[in-house]
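Structures for review follow.
There are two complexes below, and they share subunit A, which is joined by subunit B in the first and by subunit C in the second.
Right after this comes the complex of A and B.
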């Protein structure tokens, strides 16, 4: 480190790289293994946790975030938090839309009322979302 | 008698090419000044036409479709072409390096690039006007924006490109503030305008990309038919609003924070008194920047968003009142027992205090869930955000323009005409927009082309106000242009301020300072230092 700057590249011994590489392979194997189990609603969570662990290993060791100026780590973590805020607060909406009225969010059929120039009668088959609405206490068809 | 310096950034070097390829932050600030003022004039003319059409119910002189396009253009131009870049790109560019004792911003080429990108984005916006202007409102809500046949794509592409200009400016300012402060200028010796710009720059860099992503998704849905927001294709139209307001609420603070920075300068200088609560003002800027990312759902209370989310967002929204209140109290306390001189910039600062407080407090009404259900999408909203944006940001911007005008050109405007103009603008503004609070609370919906007869008196009143307002701006344009040729020579420090920009010549030389100044006192140490004013007669 001739110039003595905090920017100089940290050289890691090969065994660290090999160790991290092995850990990544093991985590990949685990990803495949857990896909044979059904955790119900937690399937996504499990998969995301493993993926996040792998991504952290890559960022920390292969991309040297662990040994670099702490400013980069701060910016990296801050941006992850920032993204998390956006997703979590949005989830408070999208996951809880049917709290009071039991109308869940779901795709509207192509021939849903708002996409139709002619008024739709209730006899159309396969109208999941329309039926869901008419089952509730709301006395309006969604087109009105 | 003061003399203009023979050589300044204005005349050295000469020639059109030297302006178009300039790397001087002061010249880039002026390039922005002219282009942004052109946008402001255009948006203002649209506003006048809208008010004129609303003078009486039914059709006066334009079709309903034209009306829809005009309010969209008014909104989009005023937001994306005028108010977001106004203070950072014009006054920030001009004053920031001067205020921290630097020769220029950290990346002068990036700075020039940001102006060309601004021009490119504006070109797209202007093109969309010619090619059948969008009629969606400036928010481009889906599903309508994916269906209308008007030129949504070129307008959103324009906003997308303008976003990069904003990011470049923000990035530049962050690095400049971190790296180029003069020797001895610690963080807490920075002028508060610099703190305002810093907080703004953080939001610009963090939030603007989200707007870019949103508009790209919209374009992808329109062009490629991929279902993201359209429920017929499995998308979620409310998701668009999440995306849009995740940027656009913080963007409100991109608009207001630098304005608050200007107000801190003005109130301290024209009260000739040390600012009260320096650190509280500085940190409340950062506090506002932080809270601004957590409240976007308050635009969506009646969108079909879940009740839980609405409650959380309503709760979080009230926190915005705390840092804003801290600032207002600190400004008022600064004036307390100061020796206040009611020069034009100070008149704008006082207008800001009144109007911003009204705008802020009505924001509390709107943050309350039950009240918002009644007031949502009425003229109450229109009045509220015009009090914040025009009564707040534009007043601060005009105050800043009048404050730094003698530094920019070396000459003074006519104080008499400036006061007449500020009076007209203040009165005209309140006539135009206070009536809209009442209209809205009585149920007049915004963006409507026609209305019931019962609303006519207030609509007419509002339209008369817009004429007073317009007259104020015409007078301003005349005396400002006149001052460039005939104005009294101002000298380096006409106001008796203590920040660095007033220690160099007006207009400053190309390299800003003969020698890099050193920080020996705080920016508002009026209790310790009596600065020498170069204009005394009055």
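Right after this comes the complex of A and C.
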């Protein structure tokens, strides 16, 4: 499959594309259907697993990663891996900072100017923002 | 000069052969695509942060998105990916009329996607379900529900611009196919546009459940 004359590119039969398209539509139907059931904290996990499956089908068959030079697969997978590192480390900080410090992560400017002019629930925003502002100031001096 | 004779007209002088030219184009395209992954990746990270800070808002606000419209657009975009893949395949076989047919279908499906998006957006603008200080909707419980719509409009908006850009490139492909610029030997622009188009589809595959389904 890999060799052959370098000019004959790998041409897939149409049934591969149609089959993958059908699989993607079925997975779409499944993900919509399961969204009406509540798995609690696993909702996101289930939805993301199905999305990852669909994305793999698109990348492997539509984008030809399964058949092409594996260099392209390496590049693409590397970008996804680095993205995962980026998001996971950020989430560690966002969700778990207050396990170590006595402050949690929060919006830097909870009390933006816009909150003064808009009729969003100002009492709760106000209370949050005082905390957040003091959090940010503490945060500036990591030595404490 | 003797070397130049017999070489295909689409082969640029700085490549050894057609295959090297094609592989180089593909490598460049993939590098561009990973910058796209990282561009959207930053926004996915923003989504993750805001969702973890405001889980109740994301849950209460996401029910205001139209699951039917979102599912319809997912189906439309997946179908357009199939037609795009078939357009490339037709050109690989040197079948120009079929390529044109599939490219035009892809273009039309992209237009359908944007029309559905237009109706969704205009409905939200009408209700005031908008980002930041433009938010005037009163029907969502919790503090700062506008945050959800900021993330929603930013991510789907950037994706929408990508669909629009894709439509521009596909139009250019249609014109060039009509002018007989591509053949079974040379179809790199069609193939590269296909890669881009599939990535746009791939990003939507994640946006759809994150906003419409799990919130």
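Following the convention adopted for this analysis, the second predicted complex is superposed on the first by the 89 of 144 C-alpha atoms of A that agree within 3 Å, B and C clash if a C-alpha of one lies under 4 Å from a C-alpha of the other, contacts with A are read in each partner's own complex, and residues count from 1 in each chain.
Assume a residue touches a chain if its C-beta (ideal position, glycine included) is under 8 Å from a C-beta of that chain, and two chains touch if they have at least 3 such contacts.
On a predicted model such as this, the values are computed, not experimentally measured, just so you know.
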item	value
Which superposed partner A:49 touches (first subunit B, second subunit C, both, neither)	neither
Which of subunit B and subunit C A:90 touches, first, second, both or neither	both
First, second, both or neither for A:100, with subunit B first and subunit C second	first
First, second, both or neither for A:26, with subunit B first and subunit C second	neither
First, second, both or neither for A:63, with subunit B first and subunit C second	second
Per-residue contact with subunit A, leading partner among subunit C and subunit B	C
Partner chain in contact with A:81 - subunit B first, subunit C second, else both or neither	neither
Subunit B/subunit C common contact set on subunit A	82, 86, 90, 94-95, 107, 114
For the subunit C and subunit A complex, residues of the former touching the latter	18-19, 23, 26-27, 30-31, 33-34, 37-38, 41, 44-45, 48-49, 52-53, 67, 71, 74-75, 78-79, 81-82, 84-86, 89, 92-93, 132-133, 135, 142-146, 185, 194-195, 198-199, 201-202, 205-206, 208-210, 212-214
Footprint of subunit C on subunit A - complex, ascending	6-7, 9, 11-12, 14, 17-18, 20-21, 24-25, 28, 31-32, 35, 43-44, 47-48, 50-51, 54-55, 58-59, 61-63, 68-69, 71-72, 75-76, 78-80, 82-83, 86-87, 90-91, 94-95, 106-107, 114, 117-118, 120-121, 124-125, 128
Residues of subunit B that touch subunit A when the two form their complex	143, 206, 210, 227, 231-236, 238-239, 242, 246, 293-294, 296-297, 300, 304-309, 312-313
Touching residues on subunit A, where the partner in the complex is subunit B	82, 85-86, 89-90, 92-97, 99-100, 105, 107-110, 112, 114-115
